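One structure follows; several queries about it will come next.
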Amino acid sequence: MSKRIGILTGGGDCPGLNGVIRAATLHARTTYGWEVVGIRNGFEGLYEEEYIDLTPSNVASLLPRGGTMLGSSNRANPFAYPVKLPDGRVEIHDVSARCLDNLHKLDLTGLIVVGGDGTMSFGQKFIERGMTRVVGVPKTIDNDLEATDYTVGFQTAVEVVVDAIERLHTTAESHERIMIIEVMGRYAGWIALTSGLAGGAHVVLIPEIEYDPERVIAAFHHRHGRGVSYSIVVVAEGARPKGGGYSVVTPGDPTKQEKLGGAGQRLAEYIEANTEYEVRSTVLGHIQRGGSPCAFDRELATRFGVKAVELIADGKFGHVAAMENGHLVGKPIDKAVKKLKLVDPKGELARTARGIGIELGG
Amino acid sequence: MSKRIGILTGGGDCPGLNGVIRAATLHARTTYGWEVVGIRNGFEGLYEEEYIDLTPSNVASLLPRGGTMLGSSNRANPFAYPVKLPDGRVEIHDVSARCLDNLHKLDLTGLIVVGGDGTMSFGQKFIERGMTRVVGVPKTIDNDLEATDYTVGFQTAVEVVVDAIERLHTTAESHERIMIIEVMGRYAGWIALTSGLAGGAHVVLIPEIEYDPERVIAAFHHRHGRGVSYSIVVVAEGARPKGGGYSVVTPGDPTKQEKLGGAGQRLAEYIEANTEYEVRSTVLGHIQRGGSPCAFDRELATRFGVKAVELIADGKFGHVAAMENGHLVGKPIDKAVKKLKLVDPKGELARTARGIGIELGG
Amino acid sequence: MSKRIGILTGGGDCPGLNGVIRAATLHARTTYGWEVVGIRNGFEGLYEEEYIDLTPSNVASLLPRGGTMLGSSNRANPFAYPVKLPDGRVEIHDVSARCLDNLHKLDLTGLIVVGGDGTMSFGQKFIERGMTRVVGVPKTIDNDLEATDYTVGFQTAVEVVVDAIERLHTTAESHERIMIIEVMGRYAGWIALTSGLAGGAHVVLIPEIEYDPERVIAAFHHRHGRGVSYSIVVVAEGARPKGGGYSVVTPGDPTKQEKLGGAGQRLAEYIEANTEYEVRSTVLGHIQRGGSPCAFDRELATRFGVKAVELIADGKFGHVAAMENGHLVGKPIDKAVKKLKLVDPKGELARTARGIGIELGG
Amino acid sequence: MSKRIGILTGGGDCPGLNGVIRAATLHARTTYGWEVVGIRNGFEGLYEEEYIDLTPSNVASLLPRGGTMLGSSNRANPFAYPVKLPDGRVEIHDVSARCLDNLHKLDLTGLIVVGGDGTMSFGQKFIERGMTRVVGVPKTIDNDLEATDYTVGFQTAVEVVVDAIERLHTTAESHERIMIIEVMGRYAGWIALTSGLAGGAHVVLIPEIEYDPERVIAAFHHRHGRGVSYSIVVVAEGARPKGGGYSVVTPGDPTKQEKLGGAGQRLAEYIEANTEYEVRSTVLGHIQRGGSPCAFDRELATRFGVKAVELIADGKFGHVAAMENGHLVGKPIDKAVKKLKLVDPKGELARTARGIGIELGG
């Protein structure tokens, strides 16, 4: 009898998820002759037993497509799941036991969990409860997982942001304005700093460096003093001015995350209140996490998908596919869960930014 | 002695302005041997006498660049100009007489005014005061000038919006959400309707059709009833629900325009308050009007730039270059000023949208 | 009983075909409640009775996709069809009678034929033989149909070519080279001239103007004399030097078309043999006709698809959807077949090119 | 007296060179207060003493621009330089002594040489002759330098190729064809293999693996046996069939390199001669190395430019900026010269390709 593996995608979607699904399916089918079961909407589909048979034919054209053909779901926490009662009320239940049962019924040789820290932590809990044949593929737009140099979707987000910054440049220059662009990054400033560097920004504000608004304004004055009459500011959504004004958020616990928002808008108001500069603020929002992946992410997704199947074939359960120092490796799943990878305010990337005159605000 | 023409760009920048400048310069220089004087920052540069000599060499690489190399200025109303007094105070003066003087000093064979309705109306007033050798190139992202089928910059805005919509599609689908995207269009829905058609939107709301929020929600229910669990909504910034809620704005008088904003956000709040759908709202903002023009606008800008010079050569002053029924023509400048071109709620474009099931809200 | 229409795509694929299929399906289903039968691989699927049921669900995500979900086929001439005999030999038969039989079996209210001049002429012949309920959507990368201002796919080809030209500019400039780019256009120079204008080319050679190679070289010398040391040349595949050297091809009869090719390469060899300039030649080939359509073509495809259904609903058989002077109209199908639309060597587009100093070679 | 550094770019241009120039200039000026001298056209400008003063102002908008503002030159070998004699003849001279003199006259604190193996080897020779204050930034589209994980320009080439492959997919599928795309890569298959992975190719042929044409054809048969009727083939220009047919080329010695070309065309002819498949072949050519860099290369170029200045500030002459295992380091210049980095036929990337069913031909 032929073997069978499963795959699910959890958490927010991002470009490259379909590439992971495609590569894992092709590799499992082509190289090992395994069946591949796609589980719909993250752990929700495991609870509801919504499956789809994955074949070379139905994954054939997935590589350039954004999103995930399996769907994802923000409700898909198997340990706190919104169960709809017959009377229409919704109660939060721990449905992990039934999920485990369903996993046993599927009789999987291995389960590939593609997701960020939340989804990974659910996978880790399943392992602890006895369903040990889990491997992972780390995924987050924010690139803030300690386990890996790059996560799938990050580079596409950077390309999208840089494209937007480039469009703002010409307007800023033609109209002598300060243009603020707010980008994703609640706890980590990777998108902001990388796209600020690549986009030719003049000020970049990230969560890792509490910024002094006066330093930001001084940077504008300094540029104007040299005869340049416009500036581009990239602000991560989690960037905070010194002394706060933003409430605390709890990393890794999505139920405790409040909507941040407004980091760019608040800075715009501060600048307009304290200077004579004309300011415009843009929030890029969800276009950063949707759409077709760039070639870098298509390649990375393919390599991660193949690696995940290799981890199963090698019996390295409890590991995630990761890029470490440029090389593809397997790393313990809890390493991907426990620690955020933050921008080092004194590291090479921050020094490079400061080296070319980018103001980091602190 | 060689002849000389002038060129200035006014109002908000948009992709293609540089293409107009380049083509007019090349044509005037190459074909007629005329000098070309670039006037900086719209009519501000005429008042301040800030000029730049335009040559084939300094316009050579302009075609792919967004913005305007001449700069633009929102203060550049020569009939209500903010003059800085020696004591630091700023007073609003009519400086048109000095502008006229400076024009006479330049001794121009013709002046090309590139701009929207505001800038065009200043050009028209100069004509009425005796500086008759003015021709125009219509320019507005919004494509809402009666004089011409297409304005420079419009198609690029549509391409940018469609690209963004495509990125939202995959997230909407993966997460079963309603995604709202607010686009430019204060009085006219050309950007919203065209990019809604080209982007595969399900609901498009435009200023020309006051929308019934209940019809919008009914469209979502209808889709969901057919098993489709996400929708894309394109909202023009000037779209209004029936019964209003938006204050009145005065077309053509930029000093009287208040910041609209919030059309998308308010609809999002309404839907979330009245349904169980998950909604996300994005405001594209200035990335619609910046950056490199698409090929269509590069071609159009080139043809308009050449046509403007032809109008001067033919002595057809007081005319603008325009595209009428697909053909390049000259039309009286006041036609470009007096009347907005609005989407006909019963015209072919709106019927096409309804024909494929797009809900227009009214 | 519900009515039923059919749709097929013939000839070379191009961006936007899927948009026509989608819009026609949505409009027929949503507005009229008609069934829609997709016929596979052009007239081949009509002979082989290969059909697919088209529904809002299976056309939902077609708009951004290149190619045609129905397939196309170069063998699909129903009047000269390669029939495979039982002994393996292939004979050319007239299978139009069987195609007509199959059409009658389908009992269609109308048949939408999407194609270029070849496919349209087949449609016209079916009409002449009694299957009168045919309407058409003109399609050709080359934009060379007299019936319509724009054909679906043309603008995307131009955007792709302009993107490529822009990439060549920087190399040409950095290395002081002459870069030649050969683009599609066997009989008509619309792609070459439009993308040459929009891409900032210095020489554009089109089939409508036999070029004098010495004029081309003189243009390089003229630029170099002014201190500019590189040039970009766009050559349509059908461009011919004066006095010929290219064999004759027969428009409209695909069986008589020989591979042209080499227009760019031959010019490169001529320049290298007669000057000291360093020359590089690139043939863009099929990337001009594949891939995702630009927003302009997505809109046009949608409008054409809706219009085709309207032509059926209005009983205007024997007509094609067309854009005439900027307006969507229906025109007799034989107008789309009989006459090529060529670039007028003295028309506005050519004059614009010459006006900014582009050498057209003749 | 303020210090001064120099910078030159040599060899073929590629996206990102301007980013290196910009970052080095900004860092040297902003952080150290050094003057920056740009040397035109590689070592040619050193011989001819063609310099340009680089300032924050004239490098401000360089980041998105392809090519190199300093120019490059294929004739710029200072050890075999084509000197034009008064009588018009051209003789090849060793002009390195005069270049060294000119370097001494410039009195540079350090010279940044941006280039590939050829340019780097000239830099190394200058060091050996006493001008020791040289540092380097490795640059090659092909990513085949042992010294560094990534070279500037490579990722942009991959993005361009993947974009082209995506356009070919839809045509191949619509017409049931085999599409061959020939890409850069004379000795190393990095562009072909990476873009084949990211572009969803079915066959990838690289210089490191002599291919068996019969295996390639067998791969087509295998796909067709499974009902898939089209295939995408990526061929590096240096790919060779088993048993040869291609003449020998000498890595690192540009004077001995013959035009390869034809790798794709020859494979196309072989397939057409030996099967019934319809085949189309495209050569991407120079569009792979021109145009605006992707965000990845803009970031990398910026980091390399800053690092090069750091190498000078730290007195680490004779080193190049390099990315090693994901970290920015300095490495001895001769490491960048002596050894090509080739694709390991049994390494992770090749195994990933084979793992998802890509035929590598051997």
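Order as written gives the chain letters A, B, C and D; numbering starts at 1 within each chain.
By our rule, contacts are C-beta pairs under 8 Å (C-beta built on N, C-alpha and C of every residue); 3 or more make two chains touch, one makes a residue touch a chain.
From a predicted model like this one, the values you see are computed outputs, not experimental measurements.
Peer 1: So which chains are sitting against chain B and chain C at once?
Peer 2: Touching chain B and chain C alike: no chains returned.
Peer 1: Chains in contact with chain A and with chain B: which ones?
Peer 2: Touching chain A as well as chain B, we find no chain at all.
Peer 1: Suppose chain centres are the mean of their C-alpha atoms. Which chain sits farthest from chain A?
Peer 2: C
Peer 1: Based only on mean CA positions, could you tell me how far chain C sits from chain D in angstrom?
Peer 2: Spacing between the chain centres: roughly 35 Å.
Peer 1: Could you tell me the distance, in whole angstrom, between the mean C-alpha positions of chain B and chain D?
Peer 2: Averaging C-alpha atoms per chain gives centres 41 Å apart.
Peer 1: Just the number, please: Cα centre separation of chain A and chain D in whole Å.
Peer 2: Averaging C-alpha atoms per chain gives centres 31 Å apart.
Peer 1: Using the touch rule from the top of the page, what residues of chain C touch 2 or more other chains?
Peer 2: Touching at least two other chains: 163, 166, 169.
Peer 1: Hey, which residues of chain D end up touching chain A in the complex?
Peer 2: Chain D reaches chain A through residues 22-23, 26-27, 30-31, 56-57, 60-61, 63-64, 149, 155, 158-159, 161-163, 166, 169, 194-195, 197-200, 226-228, 294-296, 298-299, 302-303, 305-307, 309-310, 323-328, 348-349, 351-352, 355-357.
Peer 1: In the complex formed with chain D, which residues of chain C make contact?
Peer 2: Going through chain C, the ones touching chain D are 12-13, 15, 17, 65-68, 71-74, 160, 163-164, 166-176, 179, 278, 280-287, 289-292.
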